[in-house]
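Quick one: structure below, then a few questions.
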Amino acid sequence: MSIKIINEKCVGCKLCVRTCPFGAIELVNKKAVIDLHKCTLCGACIESCKFDAIVLTKINPTDMPFPKKFDEYKGVWVFCEQKKGVVQSVAYELLGKGRELADTLGVELCGVLLGENVKGEAQKVIHRGVNKVYLVDEAALKHYQDEPYSKVLIQLIKEHKPEIVLCGASSIGRSLISRVAIGIHAGLTADCTGLDIDIKERLLLQTRPAFGGNIMATIICPNHRPQMSTVRHKVMKEAVENKHYKGKIIEKSYDAKIYYSRTRLLDVVEEIEETVNLTEANVIVSGGRGMQSPENFKLIEDLAKSLGGAVGASRAAVDSGWKTYSHQVGQTGKTVCPKIYIACGISGQIQHLVGMQSSEIIVAINKDPHAPIFTVATYGIVGDLFEVLPELTRRFKEALKR
Amino acid sequence: MNIIVCIKQVPDTTNVRIDPETNTLVRSGVQSIVNPFDMYAIEEGVRLKEKFGGTVTIITMGPPQAEEALREAISLGADGAILISDRAFAGSDTWATSYTLSRAIQKIGKFDIIICGKQAIDGDTAQVGPGIAAFLDIPQITFVKKIEDIKDSLMRSERMTEEGYDIVESPLPCLITVVKEINEPRLPSLKGKLRAKKAEIKKLEAKDLDADPDLLGLKGSPTKVVKIFTPSPRKGGQILEGEVKDVSEKLVELLKSEIC
Amino acid sequence: MDYLLTEEQVMVRDIARQIAEEKIRPVAAKYDAEGIFPWDIVKIMAASDLCGIYIEEKYGGTGGGAMELVLATEELSKACGGISLAFAATALGTFPIILFGTEDQKRKYLPDIAKGKKLAAFALTEAGAGSDAGAIATTAELKGDYYVLNGTKQWITNGGEAEVYTVVASTNRAKGARGAAAFIIEKGMKGFEFGKKEDKMGIRASATRELVFTDCKIPKENILGKEGMGFIVAMKTFDQSRPGVAAQAVGIAQGALDLTVQYMKDRKQFGKSISSFQGLQFMLADMATEIEASRALVYACARMLDSGNSKVSKDSAMAKLFASDVAMKVTVNCVQLFGGYGYMRDYPIEKYMRDAKITQIYEGTNQIQRGIIANHLIKETAAK
């Protein structure tokens, strides 16, 4: 498959040059030229050209290997990450989406659970609407280690051939699934924000942000199975719990050497912060460069307390050492999706927005009326946060009787 | 100690804008930089060399201009660099990229540790590091925020988690991906830049890699991009105006029912 | 303007620029407010090999000259004219050794300075001897194998922080200006103390102190050149260092202008950016032109020095005079263009104005510079 410019139609308007996310097009002698080294055939330029001067040439059948037979790959799997013997809520969110996908495809939804003494958790997974749970309960799997978990999951996938595997994009999930994808020669798309089915082609349509969240890409995996995706916490809605749901728990066990790990977990250190559950919070009050000093974060903490919420920080505040990284919201921090997100002294650069823009209600307090945050805020206050925050804290305390 | 650091040259996505009229990405005028997380990888590699002796080799898979990124890494203290470049690699997804890099590393020969940045800021996948480890069948430790010690071919490190960190020990050779907490990258030195200018960059093409051509580039990529679009921007709401006490009162009114 | 820099000069400039933007700019306001000496920046410069860019390779430097010094000083000064002095004033204190030192002296002192391990300072000025440098009263008496120094030097940049001091003292007061000599003195030598740190209007991240010599014994090998050469050492040193001061002024002016243009684009009055008002645009154009002219003078002067041309006094005086007067004019106008915000210490621009003033005063007041230039003009005409 290749792409080319029809020179006769090209007028040198440069629209495609500006559109290409990979910088692969430049104007040479007033005509567009595509650098095939950089081009990924995404087709963004084709859509943007008003003169139909760019075409994608068809696949030459001898170029691509014949698509394999995929009839034997059926089912939607969700890897149920557990920590300290408790299944994490991101797995329940994926089960919610997984059920939708499975129903569209007319196949089973299965959970995969690895751990020690987690049969009770397996039952909870059943209550979230799966048809089956594949359970591997071994002492060696108590804590996550890359090698044993990858080898077990690879084995399960090879044996039972799901067509789709979903996993939470946590620090465990991302390490695990990346390694598994290689072992089974599967396509993996990370941090998906949208998952849909193209029923005609029986393909999973995976949508995810790229370029720091500036663009969205839809990705398919036409010639390999399973199709694998990771999804971040709080992007999908949790599957509803229903204690009447029934399903099968299939216990698997393997030869001891599959559990062998070259790496050893020596210790687990928890850094307990008051705001441990930033990603679970319903209300988050966040501070940025406008707070000016670490002492001023007390204003943020007071407001958060009056609202029963958590404290977040922009990258600027964390880089300045005013708050630790566990509070950081944004592209390189946490993605949060609370009901209310109050951004104080945060300008609203795209790298921060991608971490909180799916909050239901965004409130912005900033002295600069041109701060980009106001373009996404449900309610904005242009003012001095050092005056507004204490006033809000006082009033909320009264109104909510806290 | 033979240290290999994998880097990627990426567009500076922090400076990428959306053209408000066409609602498309404006890439022109956006600089190419060394992926920020890879700067931490380079720094850690150089620090390990300074502590334990050895060499730091930088590798990158990319178009010919990625050579700039390699020279920048040399100016920061790396000893040598290899550019893995071929038209055949174009369109690689993370699977094909991991495969290609692992073949190149096998060509390099013996190594003790491979260091990668956590993720690239254009793809944001964080998949290639573990992918390389899987192809080379070596242990991996991801999101390393500190290397505590390396003794008798055993490395003890701190792996960042959502709650804090795990202390993980791995035998060498192994692969690690690093996060920004691990160090503070140094600035280039004048002598480093002079060395980088004169440095000879080795080049590896597809034919040099003992690789299956069906597994390279677009052809070898299980995932395919079918569409690229700009997300519809979230619309702003209303600006509350007035005195501090008035706007505060208004906001409390608007929000208080949502909180309980 | 393209000054046709060599690749290596571009590298020096780029590294200095990166240090200025990434390391100096974030701390400039704090170091200015609290008078903090930028040892952390010195360490970063040392790690990037910048401390030795004007020192020969055989002494551990990178073998550049005045041009490299000027490029680095200008870039650093764009972010802070005070922090850049730790580097620029060290150069001033090192030139006497480079120009007049014996091989042994160079081998002893230059490597540590080139590696950024030690800073240097130059000491001529006294309470009673500013422009009238010949009136210095600090004495150096030869007693056996030692010179014994007595006296006080005033307003010495890097005083107290530097390890290496090049000091001009009088060996024969009767001979006036012809009776002085230059010496290398190290911090820690007995009888060498420092006065209090001065509280300055600007360049507050730079340390300025008195040097107090009370029967300070220094080995007689520490003399630079011979007795009687003191003022020649000083004058030749100033010829070399004036482009550096001028570069500091150019940097301060450029830094102020850059902040101002950005501010004017963002600041809206009467429904538009104030950068669209013609009267203000004319101010920007004039400032930019004058800064470019001063830069061109400075670079030309530096190139002259590097070519080995020692007849540079008039030209380096012109460069220093012009660049510092421009810096003062530009920074005052920049404060004006910022309006009320220009007067507020919360905003970065007033610092540039405070920093610029000293460039018209030290290293030879601009009145002295004018005198030097006029004298040369007259001599040249008389010779025709």
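For clarity, chains are labelled A, B and C in written order, and residue numbers in each chain start from 1.
Operating definition for what follows: a residue touches a chain if its C-beta (ideal position, glycine included) is under 8 Å from a C-beta of that chain, and two chains touch if they have at least 3 such contacts.
Owing to the predicted nature of the structure, the values given are computational and were not obtained by experimental measurement.
Participant: Of the other chains, whose C-alpha centre is the longest way from the centre of chain C?
Facilitator: A
Participant: Looking at mean CA positions, which chain is nearest the middle of everything shown?
Facilitator: The most central chain, going by mean C-alpha position, is B.
Participant: Just how far, in Å, is the C-alpha centre of chain C from the one of chain A?
Facilitator: Centre separation, chain A to chain C: 54 Å.
Participant: Rounded to the nearest whole Å, what is the centre-to-centre distance of chain A and chain B, using the mean of the C-alpha atoms as each centre?
Facilitator: Each chain's C-alpha centroid was found; their separation is 18 Å.
Participant: In whole angstrom, what separates the CA-based centres of chain B and chain C?
Facilitator: A distance of 42 Å separates the two centres.
Participant: So in the complex, the part of chain C that touches chain B is made up of which residues?
Facilitator: On the chain C side, the touching residues are 7-8, 11-12, 15, 18-19, 22-23, 44, 47-50, 53, 62.
Participant: Spell out the part of chain B that touches chain A in their complex, as residue ranges.
Facilitator: Against chain A, chain B makes touches at 11, 13-14, 16-19, 22, 24-28, 30, 32, 63-64, 85, 87, 90-91, 93-95, 98, 121-131, 133-135, 139-143, 156, 158-171, 174, 180-181, 214, 218-219, 221-231, 233-241, 244-245, 247-249, 251-252, 254-256, 258-260.
Participant: Quick one: which bits of chain A touch chain B in the complex? Just the residue numbers, please.
Facilitator: Interface residues on the chain A side: 1, 15, 17-23, 35-44, 48, 63-65, 83, 146-147, 150, 170-172, 174-175, 178-183, 185-191, 205-206, 209-224, 261-272, 276, 279, 282-283, 307-308, 325, 331-332, 339-340, 349-351, 357, 360-363, 369, 374-384, 387-388, 391-392, 395-396, 399-400.
Participant: Under the stated contact criterion, what part of chain B meets chain C in this complex?
Facilitator: Listed in rising order, the residues are 186-194, 197.
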